[in-house]
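After this come two complexes, each holding subunit A, first together with subunit B and then together with subunit C.
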Partner chain A sequence: MDVSVLQQYAPMLLRGFGITIFCWLFGTVLGIVLGLIIALIQRYSPKPVRWLLQVYIEVIRGTPFLVQLFVLYYGGPLIGLRLDALPAGLLGLTIYGSPYFAEIFRSAFRAVPEGQIEAARAIGMTEATIIQRILLPLGLVSALPALVNFSIILTKETVILSIITVPELMYQVQRMSTETFRYVEANLVLALFFWALVEAISRVGRKLETRITKHLIERT
Partner chain B sequence: MVQASSVEIRKLDKFYGPFQALKGIDLTIPPGKVTCLIGPSGSGKSTLLRCMNFLEEYDAGEVRIDGQMIGYDSPGGSRMPARKLRDMRRSIGMVFQQFNLWPHMTALQNVAEGLVRVRGFSKDQAAARAAEALEKVGLSDKVANHPARLSGGQQQRVAIARAIAMEPRLMLFDEPTSALDPELVGEVLNVMKTLAAEGMTMVVVTHEMGFAAHVADQVAIMEAGELVAVDAPTRILHSPEDARIKAFLKTYHERNAF
Partner chain C sequence: MFSIQTFLDSFEPLLWAARYTLLVSGLGIALGLVIGALICAAGLSRWPAARRFAAIWVSFLRGVPLLVQLLLMYYLLPVIGINVPAIAAAVITVGICASAYISEIWRGAIGALPRGQAEAAVAIGMGPRDVWGRIILPQAVVMSLPALVNELILLVKASSLVSVVGILEVTRASQAQAAMTFRPLEVYIAAACIYLAINLCLAGLGRYLEHRMAV
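What follows is the complex of A and B.
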């Protein structure tokens, strides 16, 4: 273990980790928003629209993230979509996560008892109000564990952004490896950083879960 | 005295695919009166009740609330605009077998929600009105409880408060006590009796024969999607002429005999 090399590369590695966290956060938040929109449209629209969105979901879920990223980054310019590495990576992550999030929301919405929606309809609430006041809050509760779980999976997909030269943690680790041949140290750092990130996310997730289910759990 | 609606149901048909759940129902619900719907499981009681606030779409015939057809513009016509339907539903309260309270809101919030979102009350006005409604059902001490912290009987009383806070002119009850432990049935029936005494139009699907006998002004008996009898409770429950009614009541007497 060569500590001096690590010291020398520490600023780069830390910056890389910062970019990893940024990419993950951005991709997760926008992926959740996009997935939520898809799930809502699917719930309320006629068959053809639902079917089109299902095709989108199947295509994205059925292809590796690496391939999607290549298509976006190298194929994009062919249709006039010329993106720098970072924006391409962020957009790619957002798109990649959206169908999984959409499916999570779809089944979470289905878990909201129909009777509670009918109770709202029966007093004359608009569908928009029902979504806002009943469906979303209750859907989020049942979606939360799966949302946290998939956002943890997404942390590890960010390493693929290194291939299109986004200077995130994996990119820096590879650079350090090739420049110093310290593969073990470099990858150990990678592992430690990811472990810390995942641990933090799951802790926050558990906290959120206890908080939002506090009133929903029946006293036994 | 509350304002009370009447309901007229004419030649009502309802299909689930090829299965006909309601077969030409004709029924008049007089204003300010209690009508109990009884009949065996699967006979179409819930379906009929749910047609009255158009939670269930019907296929033919008419359901009129105070003369105004609900769900469609005219008999056999197109669906009424969503806004119009919502307006009609505002004055129809419904109480479900499974309570259907919103679990993420306190008792007070459950009752206040519709007042704020549908009636346009301010938060304070709504809270005051909600507190009144909860007091009426005897739950002043439970306003801050979430449904998970209420007994079944208390939950159902909150559900009734949620409905009456909207000042409905018609109340629909679908087996309001069937999901309750026997010792909790009384508290809910008592609240319903109070409402009946105030002159609310009530349609109650129930298996509580005691309630039907003592509180109902008319009893309607359903079987296999048809209305087989509508009459005063004493006439129906004590000296039924129709063989089907006799058979149906017999199962009740047997079940409740000691």
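What follows is the complex of A and C.
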């Protein structure tokens, strides 16, 4: 590809890259928070509530992200939910990620030995303290690999936001390629870029994992 | 307000388009199984070059968003002189992308078999052909079935992306329907219902297989 073309489009691409990273971080962090809340409510609430949340989880996991975005962005205004592309994308990403994160937390909480929780109850800890000092620290460590794994999947989902015109990297690259007719080069560079990004994130994730789970490995 | 009538009316065109959703994901997984088997074999082979190739194949396809892969394939094929209809390009891309995940599923299944089984087979005098064909592969394939059903569910959802290259599957049909009726909410929720119905059936199949295997 012509270097001057890249130079001309550099600011646009950089802005797109910034928005991609922003969407990813925002969606991951809020998705994790929402997922954690869902998992905790599911653990401590009566059956009907648990059942309702399970329906939410199944519906979101059973439908494509693109269709969810369409419902939110194009269907939202019909029920008074008028959002710009970027906020709609961020909300969509958060909602999309939450059930996967909730399931990760649910199985991580189940992996916390029941004896530890019973022991905490026996020495008079309140439920809130148990969550804070037993359930969360132990659960988070065992959830970490799956959390890292799913956040990597979310990086790749951000490109779908371009379809509802969120001006992230994919959107900018498509704009550039229709203006310069360099479809193959533009998409190839984009592919290589994502490959590098995902590899880099998984490497950081693995480092983080070995650091946090070091105490488990040393003991065994 | 939500109009039940519009919602119900949108099912007819969308269900008609669901054929293409099933076609793309069905052919995609079939192609993915074939290429995935080859890549898995390459990854387990004794030639370092083949193992390297398999590692790069898997890493690239799992690192690049499917949407980017689709557009790349869609624009690349005509440039290198291959003129195929968009649907073929879509199926090939979905299949190639799935092959990376499927080869990992199979590698995992083969790795999960107790080593003693292969050793015992060798000890009673089986050659490598029999060890693979009669001991390892039959068990690994059966063991991988739930994971493969899961992969198929992911493909049904991923097939919504082929709408961007103009294939009239459920998502594309719902876009057209929404533009025609000016009722995007009802139409897209109908589309979501169709995907949900397909995936719940597949999830049920997955649970059945898992249950049978546990017994």
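As a convention for this text, the second predicted complex is superposed on the first by the 216 of 220 C-alpha atoms of A that agree within 3 Å, B and C clash if a C-alpha of one lies under 4 Å from a C-alpha of the other, contacts with A are read in each partner's own complex, and residues count from 1 in each chain.
One rule holds in what follows: a contact is a pair of C-beta atoms (placed from the backbone, for glycine too) under 8 Å apart; a residue touches a chain by one contact, two chains touch by 3 or more.
These figures come from a predicted structure and were not determined experimentally.
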Practice task
Check the residue A:Lys156 against both partner chains and state whether it touches subunit B (first), subunit C (second), both, or neither.
Solution key: second
Handout entry: subunit B versus subunit C as contact partner of A:Lys47, first or second or both or neither
Key = neither
Practice task
Considering only touches as defined above, state whether A:Pro137 meets subunit B (first), subunit C (second), both or neither.
Solution key: first
Handout entry: Comparing the two partners subunit B and subunit C, which touches a greater set of residues in subunit A
Key = C
Practice task
Using the superposition on chain A described above, determine whether A:Arg211 touches subunit B (first), subunit C (second), both, or neither.
Solution key: neither
Exercise for the section: May I ask you to decide whether A:Gln116 touches subunit B, subunit C, both, or neither, giving the answer as first, second, both or neither? Expected result: first
Exercise for the section: Please indicate which partner A:Met125 is in contact with in the superposed arrangement: first for subunit B, second for subunit C, both, or neither. Expected result: first
Problem - Common ground on subunit A, meaning residues reached by subunit C in one complex and by subunit B in the other - result: none
Handout entry: subunit B residues touching subunit A - in the complex, by the definition given at the top
Key = 53, 55, 82, 86-90, 92-94, 96, 98, 100-104, 106, 113-114, 117-118, 146, 148-149, 159, 162-163, 166
Problem - Complex contact set, residues of subunit C against subunit A - result: 2, 59-60, 62-69, 71-72, 75-76, 79, 153, 157-161, 163-164, 170-171, 174-175, 178, 183-186, 188-189, 191-192, 195-196, 199-200, 203
Handout entry: Residues of subunit A touching subunit C in the complex
Key = 58-59, 61-68, 70-71, 74-76, 78-79, 156-160, 162-163, 170, 174, 183-184, 187-188, 190-191, 194-199
Practice task
Name, in rising order, each residue of subunit A that touches subunit B in their complex.
Solution key: 113, 115-116, 118-127, 129, 133-134, 137-138, 141, 215-219
